[in-house]
């Protein structure tokens, strides 16, 4: 079972950008921790980061062909990218939206996700745990789904 | 006379994506039908699809140099891409916005087009007919315009 | 196959009223062009104009009994007549909402149609072409519907 | 004691129009049931239906001259006809607004009645019972009023 | 010089309806006072009252053919009848909107006129003086207009 | 057949509290009138009053186990208690929301019921008749439901 | 009988400032026309102009001691000066709000008057006629008031 | 290490209430699964359910004295109970808000949590996994916190 | 003369909860200070704290029977408990709403009190002085009221 | 210790202006009562009234140089004078906003104070007691502040 | 060439007032720096500060007679003084609005300028540079204007 | 010292696109003028234009590594690209937002910048001067910053 992990805009700067908001872990460290957990759960993951909305859409489309689910941190696209919402709705595999920070405790414009309604669920505010729990959730959903289909 | 037909994000998935909303025709089938109609109307068309807002802007700019009009389905960009709106306003050739589904009968956020005010007109809800009528409209407008200039 | 063409309030003044917004064609000229196209498409049309909301509702009800579809320009009723919306929803035959001007590029109150969600689709901004394409659309929808039922 | 029963726009289509929303009873059947109840309550009723706002106002004005109260289903006018609201406020006899469907459980625009504040009360969601209870309410209010004045 | 005076819905009840809001003068008394002033100003007036939006539109259209201006109290249509707004905008003769009560001091929904922007001006809150001043204003505007055209 | 009658917060003060708004009947008198009507209709009722949202939820849960329907006046909870809304939606027996005063003619915050969409219907503005008609409505719905299930 | 005429901020620039909006008459010319009409009506007027909100309040307070009514063009203060509103409400003599331009046909922020609800009435859009009719209205109201008190 | 699991209003009906929204698991089954996971993680849990806002506040206060963190499903209180928000903010131990359903994909009023800003994070839409991941998150946060303090 | 002092939800945690917002005084210390002032003013007080909305309503009802006035800090209920508002309106004795913190300088949702309109007045932002001044205010109002009635 | 008492626009009319809203006390009587209380508290006061926003700002600036605190009734400026808000924020001495009437129980626009967030606190609805308690509050805050600095 | 520099309310306190927001430069130091730059640019400047809206309007009117442009920091009037907006629109010389702080990064009410639409442009957030660049901009615009007119 | 100049979507069309709004200068001419000024100020600049949001983010990230500041005209992205806002916030070097046209005097949607709050400041409405002053501002800020760090 393959799971895509998708990091949105500016997340390549993690660890250096506003560390009081986003923590000091780098994206590589997060990916490493995710690989560890993937091994523990018996699944494979592929990690992507892009600052381009269109490229993120393309990766989601690729996920539909190759993966069983997606862990997706859309970054600031969370709040306005209806094109990403439509992509998540279109691909038909479980997608869990994750956020490092508690978006509900920040500026008003960050409290609304236009993507969440198309995702299976949303996890926010738990730092790297948001990603790790997101991976657990996707695997659980994908396995249940695979089981349903058997 | 050359007309551009421009398909926005996620429309490459047509026929597989939410067929109850968007129908079962693929993008290739729509393009084929548009080519048939173009022949009937005595014009040429070129069809493009992109999931990237910037690329769509670039194609609109190219249309200003090469084409007499544009049939444009902006997909989810319809509802927030002011950059596409500005591109449509800038290019100075007739652009007709088209939608397969009736955007006025869907979620509230889909009822508002930020692009329509810059377009010549909008056609929605008629399935593939939206495209075909859109092509007829662009040709009519472009011919009238060419006639005005003669 | 009979199609009703329904013109709403103030459209009897077409050609004289605010010609920079609505053009210089009279209603009779529009109806004549529609008759030409109807012949070309092999259908019959009947054209009505009324400034009275209740009379428009009555004509829509009559359409349900006699016609296969409706081309409907609700004029200013577009923006508040929920009674017309309910009539369109009730009659169960394809209705296409048309507008001469681009309602999305005018005053904010004209950008919202309370009727569109009950119609099959909406065409706006294309002058007389809005009506002509609207007739094409209704005929296509009605024929598809007749075909489905056979 | 005479009570007017007033049915607003599109209610003439009852039984055929969107039966999942409005039920399968026809307007004649509802009127018959109301006549039965009127007999039981010892009052007379006259029933009217109109799709025209102005005609409904005229009937309300006539009610002020002839009747002791009104059972009024304003249909879609409920949500915008301030002219009907003023008519209800002006006539000075008990008017009870009734709705077959639960307007509070439908589209947002149907949840607001501009007329209710001028009526004595509102009953919604109970199908034909809305009318029957509405008649009981009007009779009770009118009798109490008559009693107060004696 | 002929001026139309147009009274909207429920104004036929003047003098009996909510006299604390609208005063005790009847519509006939108002019309009589207007005829007196018309004579003083050397103009003719014709007075109309209707509860039907469509009929009011028809009278406005007739005014465009026969009169030099209109004094118009749209009653509750003031707040939502965009069809009347379009009629006022279409007829191209000076129209002054008048209100007996001070609409700006009443319920919030009465503070907004959708018609005023299409009228030459608005006079409210001055009881019968609103009509009398309205007639003076229309005559002044129509004479200035006639003078401009000479 | 058993019906619960549920009175919400502050209704224990009826007859003493703001009698110009809520009338001079006490809660005991209302309950007595409801018992009379219940006898007439051949059903039993149990009446409850609580100022505690949680207790009202518990009684609704009990109703699901013991009763065939509920007449519910949620008092001020009407306007914000989504927990009561969920309880009404959960219990699966007909619940009719009733109000002594015309909530649509009072302060803006009282015009919105968050519970009504989960109830079968709503009756307001008719004083004690709101309760009596509410009981009639619940009995009618419950009997129809029992009949459907037989 | 003395009437105050009060001109608010920037009206000292009349005739030079945005003549397409406010006309070419100067303030002195308007005052002269008002003096002519005052003579015709048999009253005296005093004219004031100030760009200072506090000074306008002081003049309104003086009017309460010396004058029988006020013709008041609050200029841009119309849209936010609640202190002027309170002054108008406090002085207890008839005040008519006047505007040269049709405030309902301009920018959205100009369509709302926070003062109108405290005034006797409002006249807008009629150029210098707004002032002249305003003076007629104040005199009529003040004479009626004097008559009431006799 | 002790963790409180707190279930809000109507969750005692789980398994029977709207199973298409909330699933068929009962609350006891969820609690059993949570106990299994607690054992696996080496912590203890205590589970509470209440329909009373005040009782939930009291339990949160007790948690501050006895537990290291809270898994909290506030049910419908999520959307308006500012008192619960203040309790979560006051107790100073990690609280994770969980929801069985995807609140962002339901009615608009369910998309806003007034509590989330005071919680450490929020997990929604993942069915029983929301609870299980919530427990993992609380344990991770509490252990990190204990580690920070050592 | 007896005055009730009523502390709402979470105020039992005072002194420990968010001391930068609410100060370091405990509830007992506040009550002690209030008792001192009561002695000075020659009145008796009884102090209550509850986290339960329904219990607070019950205490307000008891106040109507036993006390001359109420000092009430509704805590977070300030912002949504319309049931408490109705209780304050119903009891007919002077109630002064008090807040330790300046609610107008905090989060937007804290700036609106749904209770204040039913109270005699509101005092906020002055720490323990809010309570002490609140007690002085209630005593002054109650004595004036008693004097009025003598 | 010197305290400024500042009365805003129209308060010079107190006792004569809308006595049902503002009471029958004159401003001189209020100032006399404040002088009595000042003597009792062992402080000096200076009282000012102005209808001019700019003059009120200048007095606040003077207070920063000469006084230990300010009791401020901004009158209608409360609701829009951001310049006064900035002045209160700038002067750095305790300012308590007071209102004779209960601004939360009046027109919607009076419920919002743009100044309160910059003040130490707000007292409203208690008639002259609002001023007297305001003086007590300022003295208490200023003494605490002086004590902190000693 | 003469340029006016206009400082609005509370700016006389610069350097002492909230230095973390507005910096430690005094107004005199800013004016001195502006004089230096004026010399460098070969223009003269006159600097004014006032806390009174009316006086600022008067100075703007004077600028129209004497100066070639205005650098204007309207302080808090930025957000509501439509009278100043009208003055800027009326004077017909280039006016550049400047702000020391970044108004777009502060409280929501500071993000909206009602004056900017009437100004030539706006510069904010750059501390004293906002003024210096503002002077450069005004000189450039005035010279271009003078050049256009030559 | 190196400064990046960043031009957003559609700015490549400058000089040809809507010249009445954006002027007749081409982008090359603007860049040339900026190079002249850079030489005068003793700094280097690099100029970029892109229609792709993601590419603009990448360039901003590069600026953080290579440049001392950024002059940024985000074009239509100004109004919705929260991803660009986050990039500006993340890079930690002075960024000044510039606009050729006065965005505050155009359509409502153009008046709001979602980026400005993350930038050091904003300059709009001054044509090419907006860029030139923007460059001056960035250099001043960067030099001050370099000075602070020395």
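For the reader, a short list of remarks on this structure follows.
To keep things simple, chains are lettered A, B, C, D, E, F, G, H, I, J, K and L as they appear, and every chain counts its residues starting from 1.
Definition applied: a residue touches a chain if its C-beta (ideal position, glycine included) is under 8 Å from a C-beta of that chain, and two chains touch if they have at least 3 such contacts.
Nothing here was measured: the structure is a model prediction, and the numbers come from that model.
Looking at chain F and chain I, the chains that touch each of them are H. Between the contact lists of chain C and chain L, the overlap consists of B.
Compared on C-beta pairs in contact, K-L and C-D come out with K-L as the pair having more. Chain A and chain H touch with mostly matching residues; of the residue numbers seen at this interface, over half occur in both copies. Averaged Cα coordinates give chain B a centre that lies 54 Å from the centre of chain G. Centre to centre, using the average C-alpha position, chain C and chain E are separated by 32 Å. For this pair, chain I with chain K, the centres built from the Cα atoms lie 48 Å apart.
Within chain G, contacts with two or more other chains are made by residues 52-55, 80. The complete set of chain-chain contacts reads A-B, A-H, A-L, B-C, B-L, C-D, C-E, D-E, D-F, E-G, F-H, F-I, G-J, G-K, H-I, I-J, J-K, K-L. Contacts from chain D toward chain E in the complex involve residues 52-55, 57-58, 61, 80-83, 85-87, 89-90, 114.
Interface residues of chain A, counted against chain H in their complex, comprise 96, 102, 104-105, 111-113, 116-126, 129-130, 133, 136-137, 140-141.
Looking at the complex, you find that chain L touches chain B at residues 8-10, 12-13, 16-18, 50-55, 75-77, 79-80, 109.
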